[in-house]
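Here's the structure, in structure tokens; my notes come after.
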Amino acid sequence: MSPSPEKRHDDTCPAFAVHTNRKRSITTPVAGWLLPIGLHCKGAAAALAAVVAVAVGAAACGSAGASDQVTVLAAVSLAGPFTELADEYPGDDEIALSFGASSALVEQLRAGARADVLATADTHTMSRAADAGLVTGDPLVFARNALVLAVPRGNPGGVSGLADLSRDDLRIALCEPQVPCGAAAERMLAMAGVDARPDTLEADARDTAGKLALGEVDAALIYRTDVTSAMETVEVPPDVEVVTEYLIAVVAGAPNPSGAEEFVAAVTGEAGRRVLLEAGFGTP
Amino acid sequence: MSLAAEVTTRRGDFELDVTLEVPAGSVVSLLGPNGAGKSTLLGVLAGLLQPDAALITMDGEVMVDTATGTYVAARHRRVGLVVQDYLLFPHLTALENAAFGLRSRGVPRRAARSVAATWLDRLGVGEVAVRRPRELSGGQAQRVALARALAVEPSLLLLDEPLAALDVGTRPAVRADLRRHLAEYEGCAVVVTHDPLEALVLGDRLVVLEQGRIVQEGTPDQVTRHPTTDYVARLVGLNLLRGTAEGRVVSMGPETVVTLAHDAAGPVHVAFSPAAVTLSPHRPEGSARNAWAGTVADLERHGDLVRVTVEGPVPVLADVTPLAVADLDLAPGVTVWASVKATEITVYPA
Amino acid sequence: MTRRSAESRVPAIFVVPAGLGLAILLLPLAGLVARAPWTRLGEILASDGVLTALRLSLVTASVATVICLVCGIPLAWILARSRFRGRSLLRGLVTVPLVLPPVIGGIALLVAFGRGGIVGQWLETATGTTLPFTTAAVVLAQTFVAMPFLVIAVEGALRGSDRRYEDVAATLGASSWTIFRRVTLPAVAPGVLAGAVLCWARALGEFGATITFAGSFPGVTRTLPIEAYTAIGAGDAETAIVLSLVMITVAVAVLAALRDRWVVRG
């Protein structure tokens, strides 16, 4: 029994249409809930008729459950670097990546999903996982991400600092407070003493950055790693900077513990640091 | 309130070309086989079909004149239409149906319903006022439809096969009623039908339409006694032949002559009833009989007689008793001689 | 009681495919019901976020349906009754929102009505307001995706209606508007109702276009589907499931109440 794995390439378990692309945050958690009631890849295929299974389920899910696979659950913002790392992976194992909001990943594990590695976008979520006994050993900090104040290129709203986020005439996007980037945003704003007037509270760091990229908002608090060339950042005073730490740990009861250790080592080692730095993360 | 219409229009694969006049207060029965163009003509008169070429005036007012481009829309013509399946609005009661025309013309609801109720009473369906069309019998529905049309006091009333949807049993009573209402109606009325009895009973004048053209018109009496087309002849149950008369002899083709009881000249119609035809196995002797040989084609019960269709150079219908059929051993394919007395023959110019 | 003898026998060849279809439709539903946090149901349902989202969804979906009726019925009439060049093309275009992935629809709405959009720019200069992140935007997004359902249903009903009733009404002196109001519309009422229900259901469930175009803010633009999505993102699977069950219950209740009449009749 294995969770709905995603391969490095795009032919994923079609039963849940999970892809290695931006929309992951929608689909992976959905797939995650259904896992516990046995509707995993092979089970779904069996529930469908044999004809459909041959065409859809069996082929794509054929290698699920193989012992030389490492299943990694990672936060959405790690999609870029982890995918690159998996592509260049020197080890024998096949890396199956599954991205989602950190809290959703923990829910999946809590519900009994089988994975080898967990990488979260903040400390709080990893603590919850540790408290619930979902991870073994000590989680390691392997990357840092900063929350930045970003505006569309050209700064049409004339944003000069965090205080501008309380202006009524500006359109502002923040993450929903219950997700890590939203919690980080709240902390930053509290420290700066700003009473922000957001127009939208997106469910996902990527969605928030997306609103900015589309030019529909004048400012947003997003991760540095989500800043694109269509955006600019506005400096904030160092004392209100919020840095989130990314932690990685081996999942308790992992099917492939040695493979998990190897992957963690790769992430915290040279190769990992390189791809993370390239993507804009900070490293410890 | 009179109607004068000249209509020439193409519809599908036939052309309608008629000139029709209906004096005020009279009823014209438009009789013809299916596909003759009767409904097309009605549609043009009602303003629902646009003719290629037409001049239509009602009460002296021009409704349609294709020459000048005048065209008055249906809603502005004072026309009442009753169609074969009545088309009462299913979601309205009989009273609301009857009041529809008045309400559409801006009459306030109470006044409209009052007038409508009067009309329903006048037509004898006052007690079904609150019922929906699906709860009405055929005869009731027909009268409600008529009330609906008459409530707006149209100048021209058009009825398309008004009795066709009724069972044969109820037809005579409804027909008689309809005749009475039409007699009371002051405008001009055109009744379209394929039933000759209906045409005869309801109409003051008969106009026979075949293939888009008027082939005969006149009083019911004139048309039925002297049909000029096979269609009408068949409808009224007469044998009809055509030929050229010279003195007492009418020649209808090579070796086919009819001898008359009196003189005639020129192209004529020759008509005689099937009851006047006698069948015999051999050429009959003596008396001034016209006799022709032929082959029995069909036998059919006709009342308490049997109608025999005889084919040959002179095709005739003969009504004979079942006894005669047995005696003569009549069956399809049998050769018989058909004969008619000259005195039984009616002749009139073609 | 005498019955048609053919009625009770289902052709054997139908059983497997029909069962398969039913399984595909019902298994996910069964999954939701199985995973629902029944003990916390009341607590979750009464929470602010859920009630606000529910109210917002019901209001916006209903307003969107009204707009679809007001605009869609005339459009359906034109498609069904008038003859003009390009009519088939127009009909095809009307159905585009049906096949467009909703998120793409949202982006299209932004291009047209967003701040920098074709109409959006004009709107901003003329009135100083912009559409994104407003409740109006939610209604607009829902209208966009749901209108084709209404137009198609009503067009079908109009095509199947007997025009001779309208002819008779014309001879009785009714104007076009009176004919439409008192003869045509009552005749196609079942089709209109079916279309409106489908329209409302689609508007209620609309997510991709709404979240892309209108954003997500509690009480303003966070409809039930978006609330569910946000709950997922926050790891709160239970709330998301409860919200899904609410939506399913509402939809099933409405459709069941219509019984046979939700299938468009001619």
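A few remarks follow.
When the chains are written out, they are named A, B and C in that same order, and each has its own residue count from 1.
FYI, contacts are C-beta pairs under 8 Å (C-beta built on N, C-alpha and C of every residue); 3 or more make two chains touch, one makes a residue touch a chain.
All values reported here derive from a predicted model rather than from experimental measurement.
Core chain by CA centroid proximity to the global CA centroid: C. Most remote chain with respect to chain A, judged by CA-atom centres, is B. The busiest chain interface, judged by C-beta pairs in contact, is A-C. For the pair chain B and chain C, the distance between mean C-alpha positions equals 55 Å. Taking the mean of the C-alpha atoms as each chain's centre, chain A and chain C sit 33 Å apart.
Once the centre of each chain is set as its mean CA position, chain A and chain B turn out to be 86 Å apart. Touching chain C in their complex are the following residues of chain A: 25-26, 29-30, 33-34, 36-37, 39, 47-49, 52, 101-104, 106-107, 111, 171, 173, 176, 178-179, 198-204, 207, 211, 214-216. Residues 16, 20, 23-24, 27, 31, 34-35, 107, 110, 114-116, 130, 132-133, 211, 215-218, 221-222, 226, 229-230, 232-237, 241 of chain C are the ones touching chain A in the complex. By the touch criterion stated above, chain C contacts chain B in their complex at residues 162, 164-165, 167-175, 178, 182-183, 186-187. Against chain C, in their complex, chain B makes its touches with residues 46-48, 73-77, 79-81, 83, 87, 89-91, 100-101, 104-105, 148-149, 152.
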